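The data blocks that follow each hold one structure.
Each of the two complexes below includes chain A, the first together with chain B, the second together with chain C.
Right after this comes the complex of A and B.
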């Protein structure tokens, strides 16, 4: 009986697996690799500025020279080589994204960890504060802080972006930390004499590290976009090229109206690539961090397929016996 | 170890104190006898009320118990009867709503900081889930070494202490220290947890459902470890379980809990062979092993 069942289940299961699983498996990893390649390309573009012969501040032509004559993407409104500016701008944007991401993650993790783990009035206080910060439209705070700074450098801008964007991380980390706080190993750590800071770092943080890394990736991409928005409004780092300032000047000098697509399209495309790449990376990291999850899914699918097959067979048998039974009773009745 | 040692009532000698017969107090608590030995740890009128979404849950209701030195007290009760809550309060991992906890005559109900850590060198615990009790990023070695500071042993003695504690539970440093929790069996994990608790050389060990997630042979193994510890180290054990069969296997005295209240207490013999409370009888009736062995007698 069980052998029969297995024999019936096997081909069905195999077909299910070949139909679904390899595709799934490929999707999972390819998503990650695509994200990694995109992020790597953007980073390489930023680093290429160090070896590119033309400097981003060098005047190589006049206003909006069209691509050609050895200039791959022509010139911008200052007569600078757009490729050189793009490389410098990408580097600046990535730097700002990274620094802001680190600042936001550090603050967010510290607050979320303490709130989630300690609980009680500490949690209410910290999360109340977080929600207040969250409720203030951060772009307005960014604008106000940026205006009030005497001179905005990429570092001040990065820090300003970082300290306005941590609340999301804090909330995500809080939820995770409070669920880890109820695990028995925390009690064991306390009984072993560990103090609060040690417990937070050694017993809670490792369990939420993957979420923290994912939150960090999101913060980086968010910070790059925030920088672009600020810079387009003219609040960007002074005297430095970034993807945002590039767009700012392109808008200010009528690049769109004069059809100089090479002045505004490249930074837009790089920005899109950056945010898409980081978002994709974040989405695929979940599976990379939890290989067990993935394998678990496959196993579950196998089991589910086998179960479905067994159920189907049992159902068929039941139906068959019911038919048998009913025909027999009917036969009995007629007799 | 002993595969044949299925939990059955260990022979207990009759004690003089039980001669007077069970007494039922005004609130319905059946008390067969009170321990005559000096109590190491005791709690008086301990309550715990949880506020869950505006509703009050009286998880532990006016519990008073004494833990006689060198004896095993089993606390038995169904799931949700408040056993773990009581244990966590005794361990001072959770504050009491009211009541007092006394350790060697000293009130420890509200101690904090260094004093609390000193309390934990005397009172230790093993919990229900041997996997969740581990920080999965730590090896057994780092888990055990964590206790060294509190155990106040210097570096030279540390290795000897670790070896000694692993020895009590039948493990050796060579095959345990470098292992991560997922590289061990459930029984090994739980034995490592017992070894960890022993690092402090405690006087009292609370075992909260320490065997309930293990399968039968491992369960007997851990029960025997606890039994040997009591015999060899004079450890006072609080054995919490929902399985009255296991309680009788190990314990000298039994307290039965129902909905946060202690409904019956006495020596294991008294409670098992002349249960007074309805609830205790029901618990006993639910244990096939025990019923079988009772019939045999």
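Right after this comes the complex of A and C.
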């Protein structure tokens, strides 16, 4: 009797555990965790600059001192500690990425929502505008704006990157919003007298939030790379270290040709990690939201099907033996 | 929507994009406080290599060339007129060299690296992606993860790693440049063979990243198609796997054509910096030097040429897409 109870209680406990851990219920792949770890490492690197003893502008050696002598990664072309510069640069790049990502996502979501929900000539106009901006390579617009600004700071650069990279988000959001616009709850909201901004924020936005989050992740990494590209061309934030300016100076002072790997490899690796980590994060979120992309699930489903078949067989056998047994006893009784 | 109307709408939108791009190209550098001519001439004076008489002469010729003494709308028409007659102006930094000449020297190098990279990368990337989707299992997992890694890698990061690994450490390829010191660009076998040595690294760093990006796109499209109703139906009807595969491939291929259009712009932008890493004498290096010297006519000419090239490439791809896929003409009638 107690054994039976335990057997019943076990699956209940398992389901409770699943409920307590919301991430388990979402069925996250190992890909997601790898991505999260990479992004966390980069963020920690950026924050570590606050506690690192050497400042990024402090001269601690001469041109390209090799690692050693208390300097983990030697010095760069200015004689600054590469580790300190890398930390400051990562922080700058992440800041630019976040600000630009927020700006781009806000503009993109606003335009996409209005275009997709309102439809008609508003949609034609907004999407026509979006496609025109999308057709012109954004790096070109960035270069043109950057050479026109009297001086560039991190903030001006972030905002400029943000206002050139929103069209992607706008297009993705428009497609989603126009499908949500035909649902019934929108009619209910309209009939109950809700105004357009209220409907957009309360009744449409929640449905496309997952896409917005994914788009935001991509915007952040895109902005970090755009900053790096601009800085390498010599249009970076003046007087600030970023991953791009670090590479810019390394190239300008022939670090690669002279074999000073400590000057150019760290920012290269961090940039690659940033962009890979964020893309992996986006791809794993994509798999969470879009079950059709879940490849691993097939195996699980096969296993589950096999288990169910086995259970059914066992059940059928048990029933058959029970019937056998009962008929035998009944036969015995009658006999 | 009829094909003719599809082409007409596309033409109109691309014309609008072109006008917007030319307008930005014209307007933005003119918003520089003061004006670029003042900036550059005062920089020249600070260098001390120019006498005040020469300075005045340079200043006047620039003012006349850009029509800076005229109202803005008239300047715009002067600019457009010059651009359409193929005159891109005079360089500030290499005065009195013409921008046409500078770009004419740089452009062939860029095209030689980028065009084959785009075409070969697109074909190979789609093949790899399709095979990964059909094979599934570990093959798919390894191809997907490595493609994702490669495609997420910025072009210039891979360039730096390749340059350091293969040229500086291993010594397999020459370190930077496009041809050996001492030889001059000419159309001879010995020069081309020499240039080929220098060609591999920039080409590889572009094509590898491009393959990765296309493979990722093709893989998810093919997997998406594998779950389509028509695939289940075909299976139920007992149609062979090979036949179904061709259906899937054709359907998954279509979005990849638009993918090509969209990635051309990114690749061209990435190639600018790749050239910089390898000090390849293409448009990217020219742009870098022009930015360092505040050489506005050269910067403007390069941004204009790149924009026009990317718009033209995208336009051609979209027209091809419209011809190949009848559905797009029907579906796009509501969407611009």
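In the analysis below, the second predicted complex is superposed on the first by the 257 of 335 C-alpha atoms of A that agree within 3 Å, B and C clash if a C-alpha of one lies under 4 Å from a C-alpha of the other, contacts with A are read in each partner's own complex, and residues count from 1 in each chain.
Keep in mind that, in the parts below, a contact is a pair of C-beta atoms (placed from the backbone, for glycine too) under 8 Å apart; a residue touches a chain by one contact, two chains touch by 3 or more.
The shown structure was predicted, so the numbers you read here are calculated from the model rather than taken from an experiment.
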- Message: With the two structures overlaid on chain A, would chain B and chain C clash, or do they fit side by side?
- Response: fit
- Message: Is A:202 touching anything from chain B or chain C once the two structures are fitted on A? First, second, both or neither.
- Response: first
- Item | Touching partner for A:183 - first (chain B), second (chain C), both, neither | first
- Message: According to the stated criteria, A:251 is in contact with first (chain B), second (chain C), both, or neither; which is it?
- Response: second
- Message: Taking the superposition on A as described, I'd like to know which of chain B and chain C A:194 touches: first, second, both or neither.
- Response: first
- Item | First (chain B), second (chain C), both or neither touched by A:259 | second
- When the two structures are overlaid on chain A, which partner does A:279 contact: first (chain B), second (chain C), both, or neither? second
- Message: Looking only at contacts as defined up top, I'd like to know whether chain B or chain C touches more of chain A.
- Response: C
- Which superposed partner A:151 touches (first chain B, second chain C, both, neither): neither
- When the two complexes are placed on top of each other via chain A, what is the minimal CA separation of chain B and chain C in Å? 6
- Item | chain A partner contacts - residues on chain C that touch it in the complex | 13-14, 16-17, 20-21, 24-25, 28-29, 31-33, 136, 140-141, 145, 148-149, 151-154, 156-157, 160-161, 163-164, 168-169, 175-176, 220, 223-224, 227, 265-266, 268-270, 272-273, 276-277, 287-288, 291-292, 294, 296, 299, 303, 306-307, 310-311, 314, 335-336
- Message: Touching residues of chain B toward chain A in the complex: what are they?
- Response: 88, 91, 93, 117, 120, 124-125, 127-129, 132-138, 143, 146-147, 149-150, 193, 196-197, 199
- Message: Under the definition above, what is the set of chain A residues touching chain C in their complex?
- Response: 31, 124, 127-128, 131-133, 135-141, 143-145, 147-148, 150, 221, 225, 228-229, 232-235, 247, 251, 256-257, 259, 261, 264-265, 268, 271-272, 275-276, 278-280, 283, 292-293, 295
- Note on the structure: Interface with chain B, chain A side, in the complex: residues 183-185, 187-194, 202-203, 206-207
